[in-house]
Every structure is written in C-alpha cells, then in structure tokens.
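Think of it as A, B, C and D in the order they're written, each chain with its own count starting at 1.
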Amino acid sequence: VNALDLKGQLVAFCASGGLDSCTVTHWLTQQGVRVITFTADLGQPDEPDLDAVAERMRQCGAEEAVIVPLRDEMANIGITAIQALARYDGGYWNTTGLGRYVTVLGLLPQIRERGINIVSHGATGRGNDQVRFQLGANFLAPGMLTYAPWRDELFLEKFPGREQMIEYCMKHKLPIAPPAESKYSTDANFLGLSHEAGELESITTPADFVVPEMGVRAADAPNDAEVVTIEFEKGRPVAINGEAFDTAPDVFVTANKIAGRNAVGINRHAVENRIVGTKSRGVYEAPGMELLGAAYEYLLQLILDRRARSFFDYCSNLLSQQYYDGLAYDVTSHAAGHAVADFASLATGKITVSLLKGSVQFVSAEDVPHSIYIEENASMEAAEEFNHADSEGYLGVVGVGVRAQSVRGQIPLAFLPHNA
Amino acid sequence: VNALDLKGQLVAFCASGGLDSCTVTHWLTQQGVRVITFTADLGQPDEPDLDAVAERMRQCGAEEAVIVPLRDEMANIGITAIQALARYDGGYWNTTGLGRYVTVLGLLPQIRERGINIVSHGATGRGNDQVRFQLGANFLAPGMLTYAPWRDELFLEKFPGREQMIEYCMKHKLPIAPPAESKYSTDANFLGLSHEAGELESITTPADFVVPEMGVRAADAPNDAEVVTIEFEKGRPVAINGEAFDTAPDVFVTANKIAGRNAVGINRHAVENRIVGTKSRGVYEAPGMELLGAAYEYLLQLILDRRARSFFDYCSNLLSQQYYDGLAYDVTSHAAGHAVADFASLATGKITVSLLKGSVQFVSAEDVPHSIYIEENASMEAAEEFNHADSEGYLGVVGVGVRAQSVRGQIPLAFLPHNA
Amino acid sequence: VNALDLKGQLVAFCASGGLDSCTVTHWLTQQGVRVITFTADLGQPDEPDLDAVAERMRQCGAEEAVIVPLRDEMANIGITAIQALARYDGGYWNTTGLGRYVTVLGLLPQIRERGINIVSHGATGRGNDQVRFQLGANFLAPGMLTYAPWRDELFLEKFPGREQMIEYCMKHKLPIAPPAESKYSTDANFLGLSHEAGELESITTPADFVVPEMGVRAADAPNDAEVVTIEFEKGRPVAINGEAFDTAPDVFVTANKIAGRNAVGINRHAVENRIVGTKSRGVYEAPGMELLGAAYEYLLQLILDRRARSFFDYCSNLLSQQYYDGLAYDVTSHAAGHAVADFASLATGKITVSLLKGSVQFVSAEDVPHSIYIEENASMEAAEEFNHADSEGYLGVVGVGVRAQSVRGQIPLAFLPHNA
Amino acid sequence: VNALDLKGQLVAFCASGGLDSCTVTHWLTQQGVRVITFTADLGQPDEPDLDAVAERMRQCGAEEAVIVPLRDEMANIGITAIQALARYDGGYWNTTGLGRYVTVLGLLPQIRERGINIVSHGATGRGNDQVRFQLGANFLAPGMLTYAPWRDELFLEKFPGREQMIEYCMKHKLPIAPPAESKYSTDANFLGLSHEAGELESITTPADFVVPEMGVRAADAPNDAEVVTIEFEKGRPVAINGEAFDTAPDVFVTANKIAGRNAVGINRHAVENRIVGTKSRGVYEAPGMELLGAAYEYLLQLILDRRARSFFDYCSNLLSQQYYDGLAYDVTSHAAGHAVADFASLATGKITVSLLKGSVQFVSAEDVPHSIYIEENASMEAAEEFNHADSEGYLGVVGVGVRAQSVRGQIPLAFLPHNA
C-alpha cells in the first residue's frame, strides 16, 4: 500500500504531535488523502499540552483532531502489569508496550465510530511499535487496513531523513516545535519513558549522556535513604505513607515523585530481544512502577507458596512477553490475566521499603492477612506445630526415591560434573 | 535412631567446630559412640583456623579430626551457579545450599574410605540443611545411615537450648570459643553468608541490626561509583580490571573485595520458601557472586536470542531449586547443567559495570565474539540487512492468524479486561 | 496417634463399606472410641447399594452411618478434568484422585456440622490416598486431627494382613461381604476404576489377568468401528449422537457405555510417579473420560493457537499434578482452573470420532464457531487473505536474527550434533 | 528476487524429481539461469529410483544432477526424535520436518563446495517447508541467497496451476512421470509420510479416502494382537524380537513393517499450528516411529522420576517445536538435545508391547538396569525400606504449609470452584 492507493479515502492517523506527525499529516493531505488525527492522552510528560497538538494537526490539514483521554486506563494497565510483575528482558518495565496497548484499545472504537477503515501510525519499519499497532488493529478490527508511511516507498523517497522533514515543514509553514537536538529518541507516557536509537546504539559507549526526565541519576540522588510505606488492597496500591488515593493515576504521580528523586527505576539499561528477532539497546525510566513493583514483590514473597510462585512466575513471563509483543488482547493473555488476578486477590498488606540511590530494600511488613510467613513455623526453636521427629519420617519417605536412583546407577559420583 | 542405638559404632560427624560440634562430639563419645569428625575447608570467613578446629574436636573426644580442602570446588560450584544464574526466591545467591553440596560431595568419599557407615550432622530438625545432608548421603551412599542429634529425643531432652550446651561444655572443660552473643545465626563460606533465625524471625522488625561481614552497608559505601571490568572466557570469569587470575578462588577474593566495599550483594533480604513448605526470612551476603553474576547476565543479554533465553530461564529456575533442595546430584541437575554449559560456552567477552551503594549498572561491552547485538540490525535507520518492505510482508503473514481469532469471536473488546 | 489416644472421643471414619471398614469401625468401638461413618456416593460400580453399606456400618458399631450423595459433583469434576485434559503420568485419567477430592470436599462439611474433630480413613501408609485424605482435611479444616489406622502400631500389630481381619470379622459376626479373592485391589467411582497392587506389582508379568468392569478388552471388542458424535457447549459435553442430557452424570453413563463396549479407555497401563517419590504400576479404566477427552482434544485443536496451546498445556500438566497430589483446593489450582475455564468458554462444537478396539480417531468437526481452522487460510492454493509475496518479507525479517547467530559463530556445522 | 535477476548465475535447485522439479529446472534454464540439481536420498518410498530422477533433471537442463545419500542421517535423526519423544501438535511424528533438516544439512555442504551462492527449492509460499529451507540456509550459509519460484511473480504468472505445468512439460517434451491424480499431496521419507492439502482441507469431510502407503488401515489390520519386544541400549533401539541390527536404517525397516501391518502409526489425524500462525490439517504415517516411540516412552516411565520427567517433558515440547520450525540448528536445540541425551543414556532395557489395530499396549519390561520401579518400594505391603510410621512424619511436615494457607484464608471452601 502506498499513499496513492488511499486517494480520496479517510485515514485515521495516530499522531503524537511532533515533527513526524506534522509531516505525515500534511503530506498525506497533499496526496489527496483525507486525514483525521487521533491522539491518546496518556499523560505523556514530554507533551503536556494536547490541545496544542490538536490545533497543530488541524493546521497541518487534519479534518478533525481527536484527543482521547486515557490516563485512568494507563494507570490501570500499570497496576495490572505490577500485579503480574510483567517486566521484560533484563527486568525493566515495558511502559512503551503498555502504552501502545492502551492507545490502540482506546483509539480504535473512536475510529470505528466514525466509519473509518484505514488506520495509520508513524512507527518505523524496523521496530516493535509497528507490530503493536498493526496487530492491535488486526485483533480489534480485523477488516481495517493499516497504512504505515515509514513502509511506503513514496514517503521514504521523499523523506529519507529528519532534515528533509524539517525542510518540508518550514517550506509549508507547518507549526512544528523548534526542532530539538537529541542523541536518542524517547517514547513517553506517565508510567515511564523509553530511550533508544541514535547514539545509544553503540554498545561500547556508556549511556551516561541520557538525561533522566522522571527523576535523577543515582549519583545525583540523596546520600541518605528514604523510607516509604506502600499499602495494597487486593493487589492494588491504595495508599503511600498513609495517604490514600482516590484515583489510580494519583498513585503513580506520588510514586513517581518519591522514587524518581531517589533514582529508583531511573535509567535502567537493557539489551533486549525485539519482536522481529533482532536485539536493541534501551535505557528506561519508570520510577513509580519500580517502587510499587518492588513492594508488591516483597508482599507476594509472604503469600505465595512454592507451587503458587512457580505458576505465578510462568504467568508473569508469559504476560510480559504478550504485552511486549502486542498480544495483550488474545485469549492467552486473558487466561493468564485471570490466573494472576487470583493471586492478586490475596495481596493485601503494608510493605515498608527503603530507597537509596536507585536501590529498594525491604524494611518490614504489616497487616498481611494472607501471609503464610508464620513466625512459629519459621522458627528454628521447638514449636508445637512442627515436630522434630516428623522430619525423621519426612526424610525417610523422601529418601526412598533418592536411594532408588542411587542404587540403580543413575548418579555419577564425579565432582562438580555439570561444568566439565 | 537415637544415640544408644549407635553404641560402639563408628560415626562420621560433620563438624563446623562451634559450640554444637563440641557438645555433640563429646556427648556422643560419652554414650559409647566412637566419633571421627570431618570439616570442610570452604574458606569460611568466620572460622579461619581449621587446624584449631581439628584440635578442639580431638579434645572433645574425636578419634580423628579430618579437614578436607574444598576451596577450589567451592569456587567452581560458584561459577557453575553464576553460569546458571541460579538465584533462589527473591533473587539471592544461595551460597549455603552450594556449600552443603560441596561439603557432602567432598566429605562422603573420605568417610567411605574409612569404612564408616553412619554419618551425622548438626543441622536442626526444621530447616533445609538436614535435608541437604541426608539426601546428599542418600544419593552418594544409599546404604549409609544418617544420624541427626537434633532429631534425637535423648539429645533434645538433655540440651533443650543453647544454655545447656554452654553449661555442659564448661562442666566438661571443653575448649569452646568464648560464647558470642548474636541476635541471629550465620552460615558461612567464602562465596557468601546467610543470616537467619533469632530476631530476624520477626517480619515487622527491620533487619538493620545485621552487621555485614563481607562488606559494608549501602549507607556506609562511598558516594562515588566504582567502575569495574570483568572478562569472561567461555562462561568463566578470568580477569577483573585487566588482572588475570590463576585460580577460581582468587577471582572470588578480588570480586568479594570490590563488590563488598560498594555494598553490592550485601544484606539482601528474602522471605523464602523452605524445602519443607514453610517460609523463612533470611539476610544474605554474596558480594562477589552478585558482581560476577550481574556482569554475566549483561553478557548473556548480548548473546541469547528469545528462544535461548526462554530455555535458559527454565534451566536457571530449575537448577536454583535443585541446588536449594539438595538435589544437585541427580540426572535432572546433570541434564540441565549440560544445557547451561552449552550457553556458557558462548559467553566470552568483557563487561564493564559501575558499582554504587549496592547497585550494579551496565556501562559497556567489548570483545563479545558471539554477540548477536549487531548495530546495523538494531538501527532504526535504513540498512541493507533489514528491508522496510519486508516488515510489510512479515506483518501480513503474522496478521492472518490474529485476524482469524478476531473474526471467530475469540477477542472480547472490553477495556483492560484482565484486571476486572 | 494411636487408638488409645482417642478413647471416648468421636471419630468420623470415611468408610467404603468393605472388609477394612467393618474391621476398623468395630475395632475402634472396642477400644472405646465413638465412631460415626461417612460414605460418599460416587456411583461406585463395585458397591451399588450404599444403604446396605450404612446398615453394615451400624452393625459394626457406628453410632450413625451417613451417606453423602456426590454423583453430580463427581460428574462435574470429571468435566473439569476433561476441560484441563488433566491426565497423569503415562496419559491416563486419574479418577481415583478426582474421587478423593470430591469425597473430602463432600464429607468434611458433614463432619464439621456434627462437631467432630477427628477424621479417619482406611488408606495405607504407603500410597497416595493417605496424602489426599490428610492434606484435604488440612486444607478444609486445619484444626482437625487425622487418624489413620494403617499407620497405628496397635492396629498393625493386631491386623498384619487380610486374613486376621477376616478372622476377626467372623469371630465378631460382623456382616462382611463374602471375601472375594482378587489378584489386585481396585478403587472405583462411576468415572473410572484403578487397579493396582497384588500381582500387578510385577512389571515382568503381563497384566492380562485384569478383568475390566466398565467395558471389554480390545481383543473382545467388535471388529467394526462405531462412529460417535459428541456435542460440546462452552466446554461441557451436552449431547451424544444427537441425544441431549439433562444432568452431568447422564453424559457419563452414556459415554461409559459406548466407549466401554469398544474397549476405549479400558485397561490402560501406567508406571507412575507416586506423590511420595516411588513408582507404582496401575491398570486403569475410564471409558467415558477417554471418549469425551479425546473429542475435547480434537475440538481444542481447532480453537487454540500456538500461544494458547502452550499455556493450556502448562496448566494441564500443572492441574493433573495438583489433582493427583491432593492439592486441588489451593490458590494455584484455582488460578490454573480459571485459566482453563477461559479456554473452555471457547470450546463449542460437534466432534465426530470413530471407535475401534480401543482407539479413537477423528472423523469430522462441525459447528465450531470459534475455530481458527479456516480453509482459505490453510489452503496451499492462492487466496486473497494470504499473499505469497508476504512470505518473502516474513522470511526476510525472521532471517535477520538467524543469520546474525550464524555470522557470530553460534551454529556448529556438524551433522546431527544432538545425539553424539 | 525473480528469475531475471539470476540470469547467468549458478543456482542449486533442491529437486524431488516430480512435475515441479522438471518444470522449474527447465524454465529457469530458459531464463538464462544455470541450474545444478541436488536430491537427498532419504529412502523416500514414493521415489525409489533416484538415478532416474538425476537423469530426468539433466534432460530438463540441469548442468549436473547430484544425489546425496542421507539414509543413515535420516535414521539417526529419527532416533534422536524418539529419544526426545518429539511429537508435534496432536501427537504425531513430524517426519517431514525431520526430513527437511536432514536435507538442508546434507545438501548445503555439497552446494558450498561447488561455490554456488543461490539455493532454490520448490516449496510453496504458504507452508512450513519454505521456512525450513530458507532458515536452514540462513543458519548454515548466512550469505547464501534463497530463491523460491513459488514466490516469484514471473513464475506464478506463467504457472498459476498444475495444468499449465503439465502442458509446459508436454510441449517441451520433458520426461515427467505420468501425471497421477491425487486428492491430496504427500511428502515422503522412509521414516514417514505426510498427507495434506487438496480434499483434506475440508474439516467436515472424513479423511478415509487417504490410502496408506506404509501399512494398512486399522479396519484392515489383523483381529489378533501381535506381540513385539524392542531392545534399547542407551536410548538406541538395537534389536527387535531378538534380532539385532547393524545399521540404524535397518531398525526402521523392520519396525515399519511390523507396525504398519498392525495399523500402528497409520493415518493419524491432526489439525496443527503452522509456523506462520495458520492451522492446517494433515494425515500422517510413521509406523516405525510410533512403535519405537511408544516402547521408548514405556521404558522412560520406569526410569525417570517426577523431576526428571517434568524437565524431560519441557525439552520434549521445546525440541518438537524447534524441529517443526526449522530451528534444529541453533544453540537452543543443542542445549535441549544434550539434556535429552543425558536421559537417553539411562534408557537401556527390553520392552514388550502388543499391537492391535492401531494401538500399542504395554506387556512387560525386562533387564532395565536403571529402572527405579522397585517392587519392594511400590508394594503396599510392609517392607523394610518404607516405614509406615515415616508417612506419619512426612504428612506432619507437608501439612504445616497446607494448614498455614488454610488458617490464613487462602482456601475458599466452595465446591468445585474451578468451573463456575
């Protein structure tokens, strides 16, 4: 599909509002395409004024510029991800993937309502976001066509790089923001930021040139620890340091602030496996997610037994991959999500942690009704519940199978054989 | 089994050399049992003089007191654990479990050589170590009897607590070390320390009373980051900051020192699932393991693709549980170990990290021949290898199955349905 | 715990009604224990008259003999197991484990209602059922004591074997059924039978002496295939050969009959891993489960994509182990059960299979609304939905990662290297 | 890539020797492409005379027609697959995927030796085989170009279907075999046959029109069971019914004959998940694999404990998918293969099974040195090794965790809650 195929048709363009959005919107209208832009309000810190974005899009030729409020949904998916501890490769919070999910799930109904059958986005032809956009549309509107300018030869010829877009916008007097220089590109919503590309692509180069936007670098954080108490109710964070929150986004605002100033969840590095099989390097910020997620993990440690933990871990890995891959919509995600929700329903309690220059340490736990950490059971001292003589029987039973393997020659007696 | 059943027989007692060892050894000989003690030299920092231990054991009545040198083996199993990233519940390095494995595997042949058929240990009847000792013996010497004084009613009656042991030793003039007061108990080898029990059992109490022995607390570490380069060759750490090491233990000595002074791997907290199904709380030190393990994980990020990573993660979880459970000897551990060794064979390269008050951050990677992080592939810019038009085809193919699910009603269109 | 400790107390004995039940009930009353017996009505084919059982129990000294109707529950757990394809080691339907779950879940509330605090059962001290009884009671009534005569030294001394029990019953004129000779023992409910022990314990002996009770041996089944159509609605079998069923047990009655006469699910052999770590050999009958399960599996083949199938398989294995181990009550079983229920909600359609001498073959599928087997997509012929040129792009994308591994020396070129 | 781009260049065409091979080879030479054909000798039953194939290819214009003998390799990968029990979706043996692996691994070195840089195959643009060919080439020769006529618009325009190819061959007097009518297409090697496409694509149509080539349908098999003994040595089948075999292919010849005449492994049906995400329906024959695999599985039942079985199952699923997906070359396959080989090293023994109209039943096992099925342990009767009182202790220990969950409100007491 190229732009000429779309002549006279109505295209829904998912616009972030930057240079690309302006260029694509205007250029498409110049090719005779009718464009309506849609912008998700995810509380993106780098684009606080979305009305201005809408105005810009209209100046670039959009027939209509729709802003869809999605902050609550963004916060809720954030909590869902925390309940699943759905961190991706290298252990970072994949807020960009979550953002795409919310965007597609939020914009598609608006697009369908207007009878539009073509959706377009500004993601490039090499990354994850094109996959997330297109599969999302395939899931939610299987008959809808996806048009990606960055895979359109006509567009690529005209705009081989950034400079040509700037030139084009200048020439057409489009209202682009003053073109900031950056050594990398950033995706943002209020749960987190992802920095990648540009100078970050060199793995031999330290990433210390990345300037955090949601907090400070560890080196710049206070030298004294800050102690924080998070209260969870059935898996949801409901209060921080005793202050209760009415809305999910408010939890993150406070968590972001506290964590960010202590460098928690700031500038995490990962070399990750992209959907399409290549590796990429990213630097991530997600202070609130990191703080709440760490506290949640400590809470789960008190509640889940071995079997539960093992199944939870499976679901956690599965969901983190499903979210990353743009597959949060399917029955597999639902099924795993229901399982995780069962575990979350037990996750009530207060966890106190200590934050210091990027690290989160456990301090104490209180009021955890479903905790199976029971001091009397844990204690090495004699207690009624746990009979020392029982252990003799226990080991007698467990030993039978072990001795059978030994007697039957299954056990080589070599030292440290795994690593030979 | 109680001590009277053993009268006149030869018992191999695995002695650490402390109060318990003295008491048990002497008491057993008083019951007419012949005792030979065996002590593993694991470089335990809390007991540097093992000849003194042997001397004490002889004074307590041991017919012979054997020291078995096992530092190399300890270091090697440490490297094996790093190659498997075999961290247990809550992500800590289970150096106690590794230590038991090395101890049993090292002492058993010595015991068998002397024709002894009864092995004894000082682990209590509620913890993991009794399981690790006894199953280890079951694996390696299925006909050998295990005798645990802490599960012997005679012994328990005589020695309901620590005080009675001290009294007993005083009365019999046994050469116990001056009885140190401690709020918790500690297991040690040169890979790491585990603190548990005592006042640590209260989960509402912060663990800040634990005094680290292998480094400093984060609060006490320098405010400036220290940069370290680790060089791996086929999965083994061979040099740190350019200095090559002749032996495996030497690597750990240096890694422990550097990491410890930066609070890396010091006083990690975990509430973990014990083998027997209860929870326990521990505080852990393993600075060298933490530093080398973090660097190794960054190295693997460059090498393993998604499939490899997923299988590796499975093996990693499996082995961490097998090691914890005292099952490192069986065919399952061997099979998973061989798989991990295949991945380790690719792990060559130099990783530079930055240490700051307990955290380890990636800095850069060099000379990684099997890295599949290839800048040209990763780059968002046009490149020969990766054709933008190919993505169109890729998404066309992948979309077919997705659209089928949508058309066939598998996808509910509700918002954020996982968390309802 | 032995019988003397229970003197004067009220004990709930779970009685099957056979020789053991009579002996235990009478002997306990003779020791001064007050006994109320509880018998689950699971439609066990070997004990069709449960009122007679109750009468016998009263004659043996029970103060009360309660029959608890649990056929519906048994059928429902059967369907739950089919939805999870929860077959155990070697692929057989573990109807004994399911029966124990239903029994404990059904009897415990009756026992608690009467204020009884001690539950007793006739399972031996080496098998799975003692575990299932006791853990079940621990889950549902953590304060309840479990008393197992077969682990009571007093009882074992008195009754070292079957003969002593027969003698005892004769002497006390207890109404035992004429003692049938059997080469093995059998557990029964209307979902299936498990034969084990006795002559079955010799693995070198063919099990052809086992006489099936729910159908015929393959050799005795008709030489012509029988074609059957099963209709599922949201995961539940609702009709067979066009005949709809009002109740879940009725489905199994018909399915058992049809499958049994064709030797389907009759006398399956397995050497399985018992909970306690030993192996045991069993011969199993579960004709209806096998027929419905096979049809259900064919239905799922049409519905689940790769990701769903992989997660389903995980849940299936997990649940089959949880059910076997007597852990169906815990949060892990619930969470996995919810996931399976999500998949089941899509399982609507008619599956026709052909039965011949023990085997079940797929014939055809109809009216499967959520099937993603779409002929046009499957077809090798040209079709709109699937563009041949897209495959070029798809392989271009997928090949990038593969070539990277090759170029970076991850791929040894040796032939068949896995098996060296 | 289309044929014109290849003008003057040397192309290695992997030719099966049928209508497609003749057409492609001749048409390419007509476009000015120089063609050398390569044919794998996999003992394909449908093409017994490969010299004739080579002669035909030369007559169609091939400069050279190379036959590569790969029967031993085919048998060895068959044994490797049996050791991994690597059955795909629906439980069938994926002999086509194994065949492609052997073909690519066998032909590529021959192609490289001749300095050819373009490899071509006759697989269509919608199936699995194009992926297996191309990824195989990417793995083994990352710089080699893959050319697929069935994705070349020029070729597709000229030959939209089978008729046009027949016409073309007639016109050019190419030596095509008399064009057989078939309702489906078949892929063959001596391990098995895969039938798919054509009339098999309708899921509502019974597949009874498929005529088996490696045995008989169940309805046509003898009514009396045939008893067979398979002897394994370290995971390899070495004798059948006492007759030892010198070469791996000979094992399969005999196994195919015995199993085939009893309808074992004949015409298995599966609706499977293709690599590209669509479903397809196949009917499969692999009698020898099915017989040897069933016996091998019975052998493993005696040897693997729970932990081993669980890890083995993971590797088995992983490898079956890797083989299916054309990924047998990568480090993941190697690592999982090494794990499987560890288990296989214990698989020595004789398994006797009984074959009847398509089903395989266990009869008995002998001489299994590593069996952990030990009658004394399995027995429900009292035995020294297994102390009844130990069970009391065992359950006491295991119950502590269970009771903790109950007391802490983790267990809802509802009946059959999973299926609500």
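Everything below uses one rule, namely that contacts are C-beta pairs under 8 Å (C-beta built on N, C-alpha and C of every residue); 3 or more make two chains touch, one makes a residue touch a chain.
Note that the coordinates shown come from a computational prediction; the quantities given were computed from them, not determined experimentally.
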Worksheet item: With respect to inter-chain C-beta contacts, which pair, B-D or A-B, contains the greater number?
Response: A-B
Worksheet entry | Gap in Å, rounded to a whole number, between the CA centres of chain B and chain A | 32
Response to the item:
When centres are defined as mean Cα positions, the distance from chain B to chain D in whole Å is 41
Fill in: Contacts with 2+ other chains: residues of chain B
276-278, 305, 330-331, 334, 338, 340-341, 346, 371-372, 374, 377, 386, 389, 391-392, 394, 397-398, 400-405, 407, 410
Worksheet item: In graph terms, nodes being chains and edges touches, is this line, ring, star, complete or other?
Response: complete
Response to the item:
Counting only contacts in the complex, chain A reaches chain C at residues 276-278, 304-305, 307-308, 311-312, 314-315, 318, 322, 327, 330-332, 334-336, 338-343, 346, 397-398, 400-402, 404
Worksheet item: Which positions of chain B touch chain C when the two form their complex?
Response: 303, 305, 346, 369-372, 374, 377, 385-387, 389-394, 396-398, 400-401, 403-405, 407-410
Worksheet entry | Residues of chain B defined as touching chain A within the complex | 1, 73, 76-77, 79-80, 83, 89-90, 105-106, 109, 124-127, 130-131, 134-135, 138-142, 146, 148, 150-151, 153, 156, 160, 185, 196-197, 201-207, 218-219, 223-225, 267, 269-273, 276-281, 297-298, 301-302, 305-306, 309-310, 313, 317, 329-331, 333-334, 337-338, 340-341, 344, 352, 356-359, 361-366, 371-375, 377-380, 382, 386, 388-389, 391-392, 394-395, 398-399, 402-403, 405-407, 410-413, 415-420
